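A, B, C and D are the chain letters, set down in written order, and residue numbers restart from 1 in every chain.
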Amino acid sequence: MKIHRLIMGLGVAGMLASPSHAQDKSGDITIVLSSAVDVVEPCHMNSTGYIGQVLKANVVETLTRMDPATSEIKPNLATEWKQIDPQTWQIKLREGVKFQDGTDFNADAVVAALDRQFSPELQCRDTIRLFAKTTIEAKALDPHTVEIKTSAPMPLMPTTLSQIGMTAPGTSTTEATKSPVGTGPYTFTSWDPASNLVLTRFDGYWGDKPQVRQATYVWREEPALRASMVKVGEADLGLQIAPQDVDPQMDVGYLNADTSRIRIFMDKAPLDDVRIRKALNLAFDRSAFVGTIMSPDALPASQYMLPSVSGYDDSLKPWPYDPEQAKALVEEARADGVAVDTPIDLFGSQFMQANLDEMLQTLVQGWQEAGLNVQIRMVDKIQHSAMRRKPYPTDRGPTMVHELHDNTAGDAFFTMMVYYTSEGALSNISDPKLDAVLEEASVSTGDKRRSLFQQANRTIQQDVVPDIMLFHMVSYMRIGPRVSFKPDFTTGGQLELAAISLK
Amino acid sequence: MRGYIGSRMAHSAISMVGLVVLVFFLARLTGNPVDIYLPIEASAEARTAFSEAHGFDDPLIVQFWHFVRDLARLDFGMSLRQDRPVLDLVLAAFPTTLLLALCAMFIALVVAIVSGALAAQRPNGVLDRFVNVISLAGASLPNFWLAIVAVLVFAVGLRWLPTSGTGGFVHWILPVMVLSVRPCGLIAQVVRGSMISAMSSAYVKTARAKGVRRTTIIFVHALRNAMLPVITVAGDQATGMINGAVVVEVIFGLPGIGKLMIDSIQYRDFAMVQGGVIITAVAIFALNIAIDLSYALLDPRIRYS
Amino acid sequence: MTGNNRHLVEVRNLSVEFHTQDGTVQAVRNVSWHIDRGETLAILGESGSGKSVSSSALMGLIDIPPGRITSGEVLYRGEDLLKASYERQRELNGSKIAMIFQDTLAALNPVYPVGWQVAETFRAHGVGHKEADSRALELLERVELPNARARFNDYPHQFSGGQRQRIMIAMAIALDPDLLIADEPTTALDVSVQARILRLLKDLQRERGMGLLMITHDLGIVEGLADRVAVMNGGEIVETGPVGQVFNAPEHAYTRNLLNAVPGRQGFPASAPSDERRDTLIAVRELSKGYPSSSRSPVVMALDRVSFTLARGETLGVVGESGSGKSTLARTLLGLEKASNGTASYKDRDMLQPTSSDRTVLQRQIQMVFQDPTASLNPRMTVEEIISEPWAIHREILPKKDWKGRVGDLLEQVGLSREHAQRYPHQFSGGQRQRIAIARALALQPEVIICDEAVSSLDVSVQAQIIALLKSLKDEHGLSYIFIAHDLPVVRSFADRVLVMRKGQIVEQGRTEDLFTNPQHPYTRELLQSDPVLGGPVAA
Amino acid sequence: MSTIVTPGSRPNRSAVHRYLLLLWHDKFATAAVMFLLLVFFAALFGPALFESASNRINLLARNAPPLSFQHGWTFILGADSLGRSILLRLIVGAQNTMLLAASAVVCSLLVGSFLGFIAGYRNDWTSAVIMRVADVVMSFPSLLLALIVLYVLTPGIANVILVLAITRIPIYLRTTRAEVLEVRERTFVTAARIMGASPRRLIWRHIRPTVTPTLITIATLEFAFVMLSESSLSFLGLGIQPPAFTWGAMVAQGQSYLSTAWWVAFWPGVAITLTAMSLNLFANWLRIVGDPVQRWRLESRKKTS
């Protein structure tokens, strides 16, 4: 009986708690994300998708921004920048900008924000990723000019600055903030890590006034539920809709910057033989996946980056489907005494992409027909990470790992150095010639830089074959009838409320 | 009685110690969290710095000592992932699970008892066979399957109920319904068996000889006697739910303790896992004591022995 | 409806059949009887005679299925209750016709206070809660439940058997019924308690002018209480008439056999002139056993300085009411309970803390037969497995190939046939089960058998057969018995010597004849007085 | 109401024949046994006959609907998301499903009841230790335990069995102990003890046969539970690993297609439910047949009907 009353009480309380319907809610939207927002620290926002989706360009802005169409770096909170010498940059700031807490946005604020990124207590993921061992020293030259000195040359400073959030000077530098304050068009209004997060339009914003008044973020892990919520009107935008749930009337597909591949650890037989690596690439039909297991908009990939990235070589085509040749290569290797029958472990992790299981099973079937013995091992996120980065586990047989990579910064550097140099944290290549090319490319600029990276990409795909390149991945977003929005490859890390228009 | 509760609590305390040790060391066998918290390309230095900052490079036994020392002060530590006190997070998530479990158990019990008791009136009759088949089917349907079908039918198809999330009374209907199906099936089976034997007992004959009404005989005389095994099974089911109705919580986006713990182990948020296990264990031990007390409440023979 | 020419209740040509494991069984065939207000009718019969069936039909308590009424009428003041609606039957039950049952612990709902249960009779027939409670209390006081007001909210298990029967009676007489049915109301009770309960029933009947239908297997009760008797056997009434007439001049052979089976009815045998010195088998000295009852109250002595001896070939009767320590004595001697003090020896072997070789000897030489043969035989073992189990335990006694033959021999010795070996215990009657238990006890050819109420749960005629069996086995094998019983006539007819126990102490012991004819201790005298056979009619 | 059965009234038939007759008198049990036999043969021969066919991926037949013969008779139940015949996969998957569930149930039954016998028979400190350990396992959230163990070990079929077995041990342990505590006080046990039966004999010959029916009933209910738990593990990505699969994994895999291709998750769900129900019905029959006191219920039905 008491429980009954409790339920009734709950119902009543729920009705009272929900805001009155008299208020104008036409400018309010709800967005359903695929994972819980349990951290809102802006210094992780470029390394943790959902933080960026909520905060970036909404609450916290960056000094520069990248144009998704051209990968060009544009002014944002900075109006102009110049490189004084290889290790010094000077940045001119926009005037008349205020933080949401009322403090002025000026050179001191930028210095504070940059210093905060390097606070040892925060262990900012963005900093670890963007700067590695490089340190910086920033100082205010005048109220609207900042000088940044770096411990090593950083030719891509403008790109890097498009990934560093400018937090208000009052933000704690010793612990992760739970109510970030920035200069963006939306203030961080409320956050219940268990259920939702609300952003409200900031009236003192320096730029144009966006249409959306208030955005509520909720999260559901089950894709079918996200789809259903938009369908029945409980939400206006649903992210990460599963390909099988796609309804062309409501769902928009977009290249999400992720490229999938299977990395080959080339240290053990039979994977140390390039013929086997080629056979692995030739043994399945990439186009058969498109529109079945993969979305119809997915693109078979030839390189580990999107075509829009500077350094991508248009002349390279994905590996063709040629089972006969694959079989022949395997037989040839076998004839040469390569242990082609050794079982190869293929590691994958469910959290990486939808339908991964199915994709891998289909691949394995193709390889089996080519005469190779591959077995799938699904592992946990953390084991997957430990598998992928150096130092690599030593007690393993021939190994391959399925992985995803997104290069949203627009320059091949962010892919190539990590994955394809001998020093790269995630690389298993050790090719001095390739190293030299990439080293040179990384310090070059302009067309030279681009063509050197393109040259490296050709070498990798055709001669080294360190991976089985799969697809440029597609995500689907379900867009409700009240709003319109055009997602692009940045949407995985940034979801600009200002870009949403109401119908 | 008080002595009994005391000894039960002592037993629980011993089990709790075992549990604490187990969860601490088991959790740490699952790997170092650094691979999740830092970007994959992080340097070895960054990883070492992270481990040092959170004490993961101390010998296990030292870590355990710190954990026990803090626990003694009721300090469950900070969540690695959310950077908040574990106790706050667990206590925030717990009511959701508890409410979910209570409502589901209540509905399961009511439905199971009524249907089981009625089925028992004529063993192998039509109603009995029907209840038997339905309850068996209910007890063997996968939860997540049921949950998604329920959403598709009631929220998307018929649009009677919201799909998921928290909010008012209506948001609880689907998850509670889904959650109650299995216990309901199991309990109905037990009620049926237990009621059949109760209805053939001598005291029921006495009641009939006194001219007591049939409904009174079933629901007052027989049912209370038939309740002991029912309570055992219901307690077992409730334990499972308090331990986290994980699947239902995940699908319906309910911020409960089960989801919290599963997420935490996936993120190697050890303090959080420990806190969650300890708090739920306290609840489960309390539930077990409550079950024993309800035995005593239902049956005076237990009360006075 | 109150025509004076009609009987209060009349059963005419009732036939009922039951579906059981052996197909359909005619539980009663063409049974007819009647009863009037103020009259006491006893239906006398042994278990399975169908004596309870007609009263169950009268109250609508026959479950359908498995029971089915095939013919007949059950008339209450001329109204055929077999045709009455459920609701009409419910109205009559408790208010006009009431019933008290034998096993009060099972018949009272264990989870409700007794006051509540007594008051329920009122509530079920439309009396308000408050009034029901106060009238229930009056009733409990009327049936002389000690401390009724204070114990109103206590639960059935907190009362003794006699007190529970008083509560049952209170419940039954609540609404002044026309007819009170008492189904074996005193079977499980001690003799002294039994006497008081019967007296209470008689008083109440006189006071309220009810008809009293007494269903019993106990001839002593019938003789002491009833006006008329109907003797049932095999589902039929074989003889009916005024008690004096039937008992003094039984017409039917069955009735005669029944009367003959009652111990002492033919007079008791003069106990064997066993004065010659025989060697002592068991010697018990100052044996004590205390239970710490709870943390605060003092130790309860279940055995208090008990000393006695058992000689070879002797039957030692142990009598006393429930709780007197009889069973504890047996259990302590068998090592099932730890003694707190004293000694017990079997042929100079320590029985209380035997060495392992002594223990083997004791386990072979001393066997036990329990009260309830149903409980003491494993229902999942065949008779052969049960009887041969001692050999499976003590492997050296008999090679396995001989088991089958020996089981057959033993079965024949106890009056069963060899073919019974492959059956399960539930396929036998109570008496037959007890024979199986005895066969098992004999398997190891023991010297002593301890019988703990071994015949108490059996019908009179069966009881007589088992006693006869025990006697013949004793003569054949030179067995000695420790024969624990609460039934004095049985002990008198069987034992050579008797111990009387009370509250853990032996209050008196001596040769059977001496003790029964010339009791020394006041408690022994009281015990003998209460017995319906030895002490004479209750109502007297 | 004489209780003696006259010998020779029952014709002497072979034991098998007699049991078959007994089975035939319970129509529900007959149907159940027939279904279980079907599953048994599928488990025995399925992989040998259809292993490769069931793994043949055909993206053209992806999610082909049931009751269509377009792709051949094996696609009568439709195809899964990789265009594999659901019917063949059900047949082949029976082996892993049964192997996994049966092993887990048998392991936990054996270990749990063994410990339960010890705890029940020796009511001393060993009992206390066993019970406390059981409490620890009981209060440890089972899914969390499964996750941790499977993170530490790899999620192969043996480890999944291990996890499922460990978490269910307390059920058997507690039931066995409670039953043993009660049965050991029964008179026939005392009788055997007086004759000098060793503890092993008491447990094996007297207590065990009395407790077994209860354990079997629990085990059949647990069988369904284990299949469902395995399914939940697959749902959380930790079940059995492809290319191996079970019905539970099939449900888990198909659940993401529930809104577009319901049959992918539906048929394996039906298979689980039917197996669970059949086992339950069979266990009821077995319990009656195994009990000499109850067996007549089936025998007499033959006479009366």
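The rule is simple: contacts are C-beta pairs under 8 Å (C-beta built on N, C-alpha and C of every residue); 3 or more make two chains touch, one makes a residue touch a chain.
None of the values given here were measured: they were computed from a predicted structure.
Averaging C-alpha coordinates per chain and comparing to chain C, the farthest chain turns out to be A. The pair with more inter-chain C-beta contacts, choosing from A-D and B-C, is B-C. Chain nearest the geometric middle of the protein is B, using mean C-alpha positions. The geometric centre of chain A is 46 Å away from that of chain D, both derived from CA atoms. Spacing of chain B relative to chain C, judged by their CA centroids, is 49 angstrom.
Note on chain placement: the centre of chain A and the centre of chain C lie 85 Å apart, centres being C-alpha means. Between the CA-based centres of chain B and chain D the separation comes to 23 Å, rounded to the whole angstrom.
Across the assembly, chain A contributes 224, 228, 380, 382-383 as residues in contact with two or more other chains. Each of residues 30-31, 148, 152, 156, 266 in chain B touches at least two other chains.
Annotation for chain C: no residues touch two or more other chains.
Chain pairs that touch one another, listed by label: A-B, A-D, B-C, B-D, C-D. Chain A meets chain D in the complex at residues 223-224, 227-228, 242, 244-245, 288-289, 292-293, 350-351, 354-355, 357-358, 360-362, 364-365, 376-380, 382-383.
Here chain D touches chain B in the complex through residues 128, 131-133, 135-136, 138-145, 147-149, 151-152, 171, 221, 224, 227-228, 231-232, 235-236, 248, 251-252, 255, 258-259, 265, 269, 272-273, 276-277, 280, going by the rule given at the top.
Of all the residues in chain B, the ones that touch chain A in their complex are 30-33, 35-46, 49-50, 53, 81-84, 89, 92-93, 96, 99, 102-103, 106, 148, 151-152, 155-156, 159, 162-172, 250-253, 255, 263, 266, 268.
The touching residues of chain C, when paired with chain D in their complex, are 18-25, 27, 48, 50, 235, 334, 336, 359-360, 363-364, 367-368, 370, 372, 375-381, 389-390, 392-394, 419, 423-424, 426-429, 432, 437, 440, 444. For chain D in complex with chain C, the touching residues are 1-5, 7, 186-188, 190-198, 201, 205-206, 209-210, 291-293, 296-297, 299-300, 303-304.
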